Amino acid sequence: MDLGQVLANGIVLGALYACLAVGFSLVWGVLNVINMLHGSFIILGGYLTFFAWHLFGVHPLLMLPVVGALLFCLGYFLQAVFINKVVTAPVLTTLTLTFGLDMILYNFMTVYFSATPRQVTLDLGSIDLFGIYLPNERLLGMALALLLTGLLFVTMRSSSIGRAIVAVRMDRFAAALMGIKVNRIYAITFGIGALMAGTAGALFALVYPVTTNLTGIFLGKAFVVCVIGGLGSVPGALVGGLALGLIESISGVVFGPQHSLTVGFVVMLVLLVFRPTGLVGVKGYE
Amino acid sequence: MMSRLGLALFALWIVVLATTPFYADNSIVRTAIMLAMYSVLAFSWNFIGGFTGYPSFSTAAFFGLGSYAGAIAQTHGVPMGFAWVIATVFVAAFAAGLGMILLRLRGHYFAIGSIGVVEVCRLVVSSWSGVTGGGNGLNVPLLMWAPDTVGAFFLWVMLGLMVIAFALTAFVDNHRLGFGLKCIRQNEDAADMVGVNTTFYKVSAYILSAFLCGTAGAVYASWIGYIDPTDSFQILLTVKVPVMALLGGAGTVLGPAVGTAAFVVMEEFVWANFLNWNRAILGIIIVVLIFFLPGGLLKISYRRMINRLKGRESAGAPV
Amino acid sequence: MLKTSHAKTRSALLTSIALTCGVSVALAASAAGAQETVRIGAPLALTGGLADEGKKQELVYKMWEEKVNAAGGIEIDGQKHPVEIIEYDYQTDGPRAGQLAERLINEDDVHVLMSPFGSGHTKIAATVGQRYRIPTIACVASSESVYTQGNPYLFGTLSPNAHMTEAMVTYLKDKVPGLETVAVYGRDDVFPKSMAEATVKAAEDQGLEIVYNQLYAVGTMDHAAGISSIVAAEPDWIYVSGYTQDLIVIRRQLADLGAKAPIVTMVTGPAYVEFTEALGDLADGISSQTWWHHSVDYEGEGAWKTTDEFYQDFMEASGGQDPDYIHGSCAGALVMLEDVLKRAGSLDGEAIREALASTEITTFYGPIDFGENGMNQARDLPIIQVQGENIEVLYPESIATAEIKLLNE
């Protein structure tokens, strides 16, 4: 079994995981909210992409910005109307609230999109790189995932909104004193979280059939990636995603595919207990 | 904490549930069994989530492990009642070990960790097929009594567990342990500083929140006769139980019973009437709960509400 | 008459009162000698994870009910009895399936249960039926583990998985002379797992070398690790089991990661339209086993006397979609029930159970003959392959429409 192939599989998958989790990580880091809606946001993005492609022939790449914009609006709305009201409450309250909202969104999706698995089929073939096969669809997904994650990183670093988000994350009271409208920043952050989830879903629809039955699985992946990588930072999600991709890929060969998911979760639990800040996390969020 | 009226109503409620086999058909009895079972789970969760204020989402892990421990014991020829005891002890030991590790975490990290435990349990149970039957699930020897007898039997067993859970709650509430747990909820660091042995208290609360879930799981397995990993370790269950306790009033003695009753009745009603939208409607109930009933049904000031209603009536009266 | 959702919008209380009245009226009527309706209870997964499968069951149940009632009902002991299928949605939730089975027996007073989709939920519903001594007919549960529990009230119209795998290995060895190695990759779930295990056993028994034998966990989203190992083992035959969604991903990843095996079997992918639609050209050449295919040709009695008759009716009801084995088996089970009730001579649960146990007939679906454990014993199940736009039948020879086509040649 070729080690190069195993690593390549892991990295390609890991980039998608990173993109999938970065929005969740951002929301947790800035708002201190465990967003149970995240999995449904991803699926919603996937479904929108699929139906635009299937019904109107819109190319998935063209849909990417549209999906992002729609999900941003949805996220902004949910945060501004609902979650902001309890954002300072204990985790039990916010988690339960987002779980309730998730049940509503989930129900809408099963009624209007049904649970039938849907996939965008582009059939781009694959590259053979010295005996290592790299599927083009996945490479495309990976490239876009890295690009989006990179864009988010740059936005957080250098735009005024990004700096405001970082300021609120560090100290919401000080930020408020500085004239930052904290609630608005929260809504924008949540919107960005939803945007990242939706675009990740759109990318996933290229490589995997999306169905509402997957919301829990996607959410679980986001948990694991965030804990492994560390919270609240874009590089953390990137490291966590790649780590999880590699862990699953390697353990799939070493222990057999039956156990690769278990290994991912066990690594998460171990890290949670011994290094809650994750591999590259910032101290102070535990 | 608990009024005599509350206690009387609770006793009445137990009687109403316990007598369903005499006046209702078996599908109502089945609902009553589920209600009693959820009450056990909600009472249990209340120790860690309500009294101690730790956002624990591991109920489904305890329940699922209990049902598997009981089922495996029974398939190996252990008599039913004894299998339930084994399941209880096993889950208590599991919670003790897990609690030592997991309770070092707080807040969000604890929440995520406790959910992660449910998922790991599900994955381990489904891949360890030599013992658990894996994805095939596990069949438990069926009690082949008449259906009415079976229903009544399991109802009374579950109600028995519910009464035990309630008694424990009432006891802990009045005991030093309960006081310590409430201190931890208020401010863990301060509690630690004034000499509360926080680790011991937290682990105790965690075990209390687990062991009856284990028994309930084992009883459930004997009753249904078949368990599988997906149904036993459900994330939905692990969130539903705290919601029930919150609905009644987390950290109160009777809250879990009130919340479970309200939730199950609502769920049955919604489910019977809004086939395609029941999940969304339950979601809306959760949202409403968070915004309008943050303290749960027991914390509403009913007297003020009645007074206000009366006031309105009298304001209208003179005309 | 089918109870549709509007019928369920009454409150639970009203329903139970109405049903209690209805039942007593029905009892009074039957005492007076009128024809009692045959009530068949069906917990169905109309929403949730198994909704697609549940709707397939619902469609043929409706077709059968209409067809039988249009002909005046089923004749039992010299009298025509109308039929009624009472269905509830259990939302792909195991405990709900049990609750609904209990409700169907107690409140709707059904005579027979049709089990929901899948082996796990079948077990739950059948356990309730057993308690009340009401027979359960499972038309979509094929894992022997469901039937080995000594439940004498459970009968299944699908044949054991081993019957399919043995025939498949024999057929391939016969048709593909160079066949030596096989890689087996199965989903760790009741049906797919037992298919994978049965194939490994059949292949070993017949002298094939197993070069890869692994299961993947439920919820696996990426199969690159497993597939890379399979590709590295260079098998002649790749055997995959799973649900349609898994199979679609695995097929793509097989292609992406350069698998070159001449035979790729995916159970039961090609049996579903969804599979071929999602994969397009990549579906070409994939083979599978199945319990029933509409190109088979059997004759029997009942609502549909020939496979073609069922096919025509089905095309009309479905708006041009081909039926798959779920449709075939479930419709076949109901057609069989007509015969069973005639022989039972009454609607008593015990009488129906005895008549079921002694069933030995051929329907449009094929032969049905229950073994000791309540499973259909029929052999010679079809092997199918996607060839271009079509699904061809390779085996059994009597109904074959094409020879096997090898991939990557």
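Letters A, B and C mark the chains in the order given here, with residues in each chain numbered from 1 onward.
Assume contacts are C-beta pairs under 8 Å (C-beta built on N, C-alpha and C of every residue); 3 or more make two chains touch, one makes a residue touch a chain.
Being a predicted model, the structure only gives us computed values, none of them experimental.
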item	value
Winner on C-beta contact pairs when A-B is weighed against B-C	A-B
Furthest chain, CA centroid comparison against subunit B	C
Centre-to-centre distance between subunit C and subunit B (centres being mean Cα positions), rounded to whole Å	37
Gap in Å, rounded to a whole number, between the CA centres of subunit B and subunit A	32
For subunit C, residues contacting two or more additional chains	47, 188, 215, 217
Shared-contact residues (touching 2 or more other chains) in subunit A	110, 258-259, 261-262
Contacts with 2+ other chains: residues of subunit B	123, 127, 276, 278
Subunit A residues within the subunit B interface of the complex	28, 32, 34, 36, 82, 85-86, 89-93, 95-97, 99-104, 106-108, 110-111, 216, 220, 223-224, 227, 258-259, 261-262, 265-266, 268-269, 272-273, 276, 286
Subunit C to subunit A touching residues, read off their complex	47-49, 51-52, 185, 188, 214-217, 219-226, 228-229, 232, 244-245, 248-249, 252-253, 255-258, 274, 278-282
Residue numbers on subunit C that touch subunit B, as the complex places them	5, 8-12, 15-16, 46-47, 89, 91, 93-95, 98-99, 102-103, 105-107, 119-120, 123-124, 127, 130-132, 143, 145, 149, 187-190, 193-194, 215, 217-218
Footprint of subunit A on subunit B - complex, ascending	49, 53, 55, 57, 101-102, 104-109, 111-113, 115-117, 119-120, 123-124, 127, 235, 239, 242-243, 246, 250, 276-280, 282-287, 289-291, 294
Complex contacts: residues of subunit A adjacent to subunit C	1-2, 5-6, 9, 12-13, 110, 114-117, 119, 121, 123, 125-126, 128, 133, 135, 137-138, 207-209, 211, 213-214, 217, 221, 248-253, 256-262
